[in-house]
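Listed next: structures, encoded as structure tokens.
One chain, subunit A, appears in both complexes that follow, with subunit B as partner in the first and subunit C in the second.
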Partner chain A sequence: MNIKQLMKHNETYILLIILIFSAALTMINPVFLTLENMFDLLRSSSGTAILAIGVFLVLLSGGIDVSCTAIAIAGQYISVNVLIATGIDSIALAFLISILIGVSLGAINAVFISIFKLPTLITTLGTSSLYHGLLLEVVGTKAVNAGDLPESIKAFGKIEILTLTRADGSSYGLSIFFLILVILLLLTWFILKFTMVGRGVYAIGGNAEAAKRTGYNSHKIQFFIYCYAGFLAGVMGVMHISMIRYGNPNYLVGTELSVIAAVVLGGARISGGTGTLTGTMLGVILITILEKNLILMGLSSYWQQFFIGVVIILGVSITYAQNKFQARRNLSIGGA
Partner chain B sequence: MKSAAMLRLVTFKNPKNKTLFIIMMAIVLVMALAMPSKFLTSINIQSMASQFPEFGFLALAMMLAMITGGIDLSVVAVANLTGVAAAKILSASVENGTPAGTAMVMAVLAILVVSALAGLANGSLIAFLGVPPILATLGTQGLFMGLSIVLTKGHSISGFPEEFMVIGNGNFLGIPISFILFLAAAYLVSVLLNKTQQGFNMFMIGSSPVVSKFSGVNNTKVLIKTYMLTALLAGLASVIMISRANSMRPGYGTAYLLQAILVVVLGGVDPDGGFGNIPGVIMAIFILQITQSGLNILAFSPFFKKFMWGFALLLVMVLNYLLQNRSSRRKIRLMSNDTKHTDTGETV
Partner chain C sequence: MSEVFLEAKHISKSFVGVKALDDVDLTIGRGEIHCLIGENGSGKSTLIKIIGGVHKADSGTITVEGKQLSGSQAIESIRSGVQIIYQDLSLFPNLTVAENISVNQMLESNQQTVQWKEVRETARKALEEIGEAHISLDERVENLSMAKKQIIAISRALTQNAKLIIMDEATSAITKEEVDHLFSIIQNLKKKGIATLFVSHKLSEVFEISENITIIRDGKKVGVYPTSELDHDRLVYIMTGRKLEAEPYVYDTKMKQKSPLLEVKSFSKELQYQDISFSLQPGEILGITGLIGSGRTEIVQSIFGLNPADSGTMYMNGEEVKISNPRDAIRHGIALLPEDRLNQGLFDAQSIGDNIVITILKNFLKKIGLLDTTKQKRSANDWIERLKIKTPDGNLPVNSLSGGNQQRVVLAKWLAINPKVFILDGPTIGIDIGSKHTIHDIIRDLAREGMGIIMISDEIQEVLDNCNRILLMSKGRIIKEIDDARTTTSEELYEIVTGAASAGVEA
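So, the complex of A and B:
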């Protein structure tokens, strides 16, 4: 691929921005470019990345999902409470319950979107309020402290797939979260690339009517998309609590803006049909670096939301302005 | 003229409004029967009338964006930003001893300028760059809310001149001033939508941007104006917000976003654009406020309300879908009957 072709891809620009940004951060504080810091970034951004995969799929199909964080917190909080109530200390059961909840809530989203043909934004705004309200009303609002948390969940967050030793003998390592993310990425990539339903996601995002006439079952595809996004949110929910070792049913909800920002930055268009997993992951990296290093740059954490807003605006402006001027150029060529 | 308008409201040109009116009356009846000593008291009615205007302005704002087929997710953030700007001026005036009148004029000016700029930003992103309204306003929502957090460092600003608090808390002949302001704004919006070129063009763009463009409508100009008006209404909401609470905390009223979308959709505005009317939206706002007060009197938790609003939004949307489906099916049946009729007429 030559440079001219490369410059047409959103991914190239994001990669450049990430590199420039990292270089600047390293100059300010050399700690940034250590393996330890990289491992830490990977560990803390895995959760966002997993939610981003789900949101990416939804965007690819021409929708938008703001309920992913509500689903993740529902899966997390219910599964942890079940574990505590029953006394069964098993991380596998936690994941199973959380994933089941995620898939069911995703299916409810799909019922509204696929069968009743409601706009995706309004549906997921509604369901996110519904799920979260119901969780707080029925399950409760009590926070789960580290002391009450099942041992297996705490232990899971500490598993490392690669352990390195520092000069002073203490060790640091690459968290298992990264492995989970890689597995889920490969799975999603495989589904999108090699399965009928995966190709269908692109197809209904590109043109729903055309996809239907080609013989794609749009109900089946939409149920798959929202259930899969729910599944990812369920996985993320348990990962999140085992990372921070504290369960609060008010956490996560409200962070969907950063997730959507990451996906949109990655070049996925809300009109559907375009976007890549690579772009999405680059978007997540950029957003995470930005969020985690504002203080390093000498700005207080108050600036976080402001910067995410700026980044989204810049990202979408570039994507859509390119699109608009491209269309105009094509039109004028066609006219001549 | 006035009686003609009244007549039109009573006879319900729009069948959806008839349904809404029946729902509204049914809810009032249920509430009144369930708690006669608490609901139909003048104090409760007065408090209801003073509670909803701050949110009513946001609903009007959302309505304008939705009629053009867009959405404005930044309304609450705009209200926060303008609220912070006004609150800074007002609280500084109390500290410096500036006359309250001057400070109030300056605060209102600040609100107008800030909201106009915010709306211009939204409108430019949407109309010039072709960014979908959802994404553009999602980004500016973060930006505006972030700015209000940065400006206040997350703390609340309080202590405004006494005179300013009359807007949110005062009564005129027993009617809350904020309620009067809301009715005036709703009337102006209705004039804008029904009597002006801008309003007509907004409906046109909502129905089909391509057709309106080829009919000679300057879509860009109309959309930028729409989002500026939207932000202006959101800014006016902040006047009532800060004067009612005598303080401004960034992040205030984030629950209003969902409720604004809920009442606008409930009021018969099509989320795809092109349809919507003020009486419907006002009735929807009343329905929401009456239900809200009822739930408050019955001491339901805020979580249950959160659940309720999500549920109500989805229910209304599903019902709209089913009704529309039925009516379009009936239309097709009628049309096929018509053709059969003419067919036989021709052969005989």
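So, the complex of A and C:
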């Protein structure tokens, strides 16, 4: 691939921005460019990255999903409470429960979107509030302190797949979260590239009517999309609590916009049909670096919210501008 | 006729009590190029959909290669070799050429996974079969021209072992050269024994390509004729049941003013058109024609303020006017009937009446700022009557009307502002020949009453029949002005337009 082809890809630009940004941060604080900091960055961004995969899938199909964080927190909070109540201290059970909840809630989204044909934004806005409200009312609002948290969950967050030793003898390492992310990425990539359901996601995002006419089963595809996004949210929910070792049913909800921003930043078109997993991951990395280092740059953390807004508006504007430019070109001589 | 491939017999179909098809027959031979023509609403689309298994006929049979279809399943028609290419082509703009061509086969084979090697192989073969192997398999379909997209849709049909390809209005969005290319593909398919059913409004194309023509009118078959036995006038007569004759429009020079109604001087806009000057007198119908991309639409959009020119001046009745948006244009009495009436000219879910009066809503304001709906309705009904819009009720939505009647609604909407200059961009695109004549008559009447009219059309014949003066455009310039349309022929004009397009701007 030569430079010219590279410059056609949205990913190239985000990568460049990340590199420039990282260089600047390293100049301010050399700690930024250490392996330890990189490992830490990967650990803390894995959760957002997993949610982003789900949001990416939804965006690809021409929809939008703002309920992923509500689903993640529901899976997390319920599974942890079940573990505490039953006294079964098993990380596998926690994942199982959280995933089941994720898939079920995703399926409810799919019922509204696929069968009742409601707009995706309104549906997920509604179900997001509904899931979260129900969680607080039925399961409770009590926070789970580190002391009450099942041991297996705390232990899981500390697992390292690669451990390195510092000069002073203490150690640091690469979290298992990264491994989970890589596995999920490979799985999603495989599904999108090599299965008919995956191609169907692109097809309905590109031309929903044509997809139906050619014989794609759009109900099946939409159920797959929202259940899969729910599955990812379920995985993320347990990962998140094992990382911060504190459970609060009001966490996560409200951060969905930065997940969407990451996906849009990664080049997924908000109108559906186009985007790549690579771009999505680069978007997550950029957003995470931004979030983590505002203070380092001497800016208040409130700027984070501001930047997320800028990214979303900009992302949508660029898509719009591209369409308009295309239309202009068709209008001018020799076009069409 | 050679061996019969498909035979539809005694097909009838009603939709909520309205008979769309009444005892219609259609026979297509193996490898035959057959045309199906009829006015809008005559039942062409319904017939196609019944053959394709999308609709079920109330009565009648469809037999393919001697085997009768159950007539209710699209997949059955597809398996027996019938492929329909709808006007919108049903392609996926975000996917590659290879995947678009192979998608049906991927789904048909019922595999759960995708074999990319096979996908590319299928696509390559299909493109090769129609001699289009030069199209890149990895290009995204959204980056292709309309004509290329059509080739992709045809290739996709071929992957399904098509023996009959039905093309619904295939030529409405492509240029003359592309039509020629499409026809050579159809001829090629014929050599391979693949039949084509070609549905079109453009009679000249029908004559060029078809061997036999089936004509339907008001849901009934009028007849089937070998193309060689028909000529244009006779075909129109059979199709509409009326004798429609084109009489050239003669301009009454008494209407001429000292300073023209509209005068454009040296209009230029980068990348669109250069140095455009012309004038328009009251009572004139000025035709502008040229290929798509010649700048004709862009220039009139500039006059209407939608696409302001970079430089140049404009005069109305000798006084300079400055128009930078459509509101200015309307204030000066300029109206534009846009090319794409559905997107640019109508609120299609709103009522017919509301659509007509939208340009003059101000006139119905009561003192307190509320609308006088009684007055509004009366005015709308007035227009419905004047332009003979066929509807039981002005409160029905515009999308309940046929194409020809929708176009009349757009006309009424602009006539309501009482324009002095009326620009019509492709006033009869996609409209059947009967309605076309009615619209031409309306336009002529308006001109006779003293309105200045600019009419843009793809169809040189249409311009020739209806305009007294003609401007030919190519590559953003006026290459010829014909002062009296009666002194030229369509062949001559066509030569000039296509010659200039291939030779350059010197002509």
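In this section, the second predicted complex is superposed on the first by the 322 of 336 C-alpha atoms of A that agree within 3 Å, B and C clash if a C-alpha of one lies under 4 Å from a C-alpha of the other, contacts with A are read in each partner's own complex, and residues count from 1 in each chain.
In this section, contacts are C-beta pairs under 8 Å (C-beta built on N, C-alpha and C of every residue); 3 or more make two chains touch, one makes a residue touch a chain.
What you are looking at is a predicted structure, and each value in this text was computed from that prediction instead of being measured.
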Looking at the overlay, does A:K158 come into contact with subunit B only (first), subunit C only (second), both, or neither? neither
Count the residues of subunit A touched by subunit B and by subunit C, then name the partner with the higher count. B
So, A:E137: does it touch subunit B (first), subunit C (second), both, or neither? first
Just checking: does A:Y320 make contact with subunit B only, subunit C only, both, or neither of them? Give me first, second, both or neither. first
Which superposed partner A:G126 touches (first subunit B, second subunit C, both, neither): first
Can you list the residues on subunit A that touch subunit C in the complex? 193-199, 202-203, 205-207, 209-211, 213-216, 272-274, 331-336
Complex interface listing, subunit A residues touching subunit B: 64, 112, 116-119, 121-123, 125-134, 136-137, 141, 257, 260-261, 264, 270-271, 300, 302-310, 312-313, 316-317, 320-321, 323-324
What residues of subunit B sit close enough to touch subunit A in their complex? 71, 125, 129-132, 134-136, 138-147, 149-150, 153-154, 257-258, 261-262, 265, 271-272, 301, 303-311, 313-314, 317-318, 321-322
Which subunit C residues qualify as touching subunit A in the complex? 75, 86, 88, 90-95, 99, 103-104, 106-108, 111-114, 116, 145-146, 271-273, 292-295, 297-298, 307, 475-476
